[in-house]
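So that you can tell them apart, the chains are marked A, B, C and D in the order they are listed, and the count of residues begins at 1 in each.
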Amino acid sequence: MTVPREGRIRVKIYYEDTDSLGIVYYANYLKYLERGRTELFGSGGTPIADWNRLGFAVAVYRVTITYRAPARLGDELDVVTRRVPGGSSYRVKLQQLVERQSQLITEATVELVCLDERFELREFPPEMLAGL
Amino acid sequence: MTVPREGRIRVKIYYEDTDSLGIVYYANYLKYLERGRTELFGSGGTPIADWNRLGFAVAVYRVTITYRAPARLGDELDVVTRRVPGGSSYRVKLQQLVERQSQLITEATVELVCLDERFELREFPPEMLAGL
Amino acid sequence: MTVPREGRIRVKIYYEDTDSLGIVYYANYLKYLERGRTELFGSGGTPIADWNRLGFAVAVYRVTITYRAPARLGDELDVVTRRVPGGSSYRVKLQQLVERQSQLITEATVELVCLDERFELREFPPEMLAGL
Amino acid sequence: MTVPREGRIRVKIYYEDTDSLGIVYYANYLKYLERGRTELFGSGGTPIADWNRLGFAVAVYRVTITYRAPARLGDELDVVTRRVPGGSSYRVKLQQLVERQSQLITEATVELVCLDERFELREFPPEMLAGL
């Protein structure tokens, strides 16, 4: 029996992340989610840039993101990434939470596919998923 | 009987929009959707910045976005925004499509709420929704 | 005698452009300058993406930018681009102004070089400079 | 005799930082420089968000940035910030380097002023400069 692992990164909020409402701009959370996924896919030992050179690109097929509370300048947020059971070697589903200490800021479900150099579907290499 | 109106804006893709895979970075589509909404909410005559000064902020509660095809440097994309029937004076649901000529690039459903200066829920002012 | 031409584009300020101080974030002006250059370099008939495919990339060597006044949500800014006399087929110097109506918001001097696929210096193709 | 201190932060390059030329987009370096300054101005014990609430905003008056070498996806960059001797309580000049291990990627000179809530010039509070 394997225990599903989770990835966890810390994101600090700077001016670039905020907007004139004084809070983190809603599109920027997708950047933090992507940073979290990049670290997790690289945790098997091959960084994402190397995967790209080998002809494997991780592409987002669908995101559902819910905004629960605003974050602000200076906040330190945790991005937690876990694989959702199911999926296949062609499609991977992740749950990604953004938290500030114990408070939920945003929660997302992200469906991913793997593409080759011509942006055609291909199987995820098992090593890329080893960290999940 | 009223015919629901739609908003339509044009977005040109520059280097800032792309990433090292050679395509538009996935988070940036949320910027284009927001530009489209901003124009639509301002089409009643009061620009969004004025609404903010009056104590009304439009906040995204949830986005579901599906990526159908990649866009690239130099592309000109259309963002089409339509209100989804239903909702209430507290919650508005939009369908937003990003198209390149007749090709669908991304499609999104966006649920919006209206907040006051302390980020508490308030009703959308009818004039703000007049354009939808 | 040739009259130096100038490029002029319009930029509208959305939430994505602002920060929690309520003004346009300083790094974003470099995006507007780049949009202005991209349009100008493409005005000879070959869009910048095509130049890239042909093995020509315009790279910024140095920028000096001075911030004269803040811009805000909803502003419409003009980016004016003019070639500074001098330079060579290997180095082009531009003056770029960002204005809101007649008010100067930022002014910049930008030095550009042309690179090949391996990021080695090469001459600018004359057609690329035809618009300047 | 006091030894001038320097600030040093680490920046990891993700997809969001790159463009379709496969390198870090030139405007994004200004984000990294701002992250470095924010950490340095906060190192006296008062974070920059608190300074904002107290009516002090650090504004960039002028940046000169030179691009020496490209950075790429997955790179880890160091931003080194040092105060340039001279200046006054109204104007502070910094040198900021972005390095990848021992290689210089970009170098910048940044002139800063301090503004009040109405964006009028005011003196830098000594505590804010204590870290420099």
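By our rule, contacts are C-beta pairs under 8 Å (C-beta built on N, C-alpha and C of every residue); 3 or more make two chains touch, one makes a residue touch a chain.
A quick note: this is a predicted structure, and the numbers were derived from the prediction, not measured.
Q: Would you mind working out whether subunit A and subunit D touch using mostly the same residue numbers, over half shared, or mostly different ones?
A: Mostly same residues: over half of the interface numbers shared.
Q: Tell me, please, which chain's centre (mean of its C-alpha atoms) is farthest from the centre of subunit A?
A: C
Q: Between subunit A and subunit B, what distance separates the C-alpha centroids? Give it in angstrom.
A: 23
Q: Where the CA atoms of subunit A average out and where those of subunit D average out, how many Å apart are those spots?
A: That gives a centre separation of 28 Å.
Q: Just curious, how far off is subunit C from subunit A if you go by their C-alpha centres, in Å?
A: 33
Q: Subunit B: which residues touch two or more other chains?
A: 15-16, 20-21, 23, 27, 31, 34, 49, 52, 72-73 - these are the residues of subunit B that touch more than one other chain.
Q: Over in the complex, which subunit A residues touch subunit D? Could you list them?
A: 12, 14-16, 31, 34-35, 38, 42, 47-50, 52, 72-74
Q: Write out the stretch or stretches of subunit B touching subunit D in their complex.
A: Within the complex, subunit B contacts subunit D at residues 15-16, 18-23, 25, 27, 72-73.
Q: Please output the residues of subunit C touching subunit D within their complex, sorted ascending.
A: 20-21, 23, 26-28, 30-31, 34, 49, 52, 57, 59-67, 70, 119
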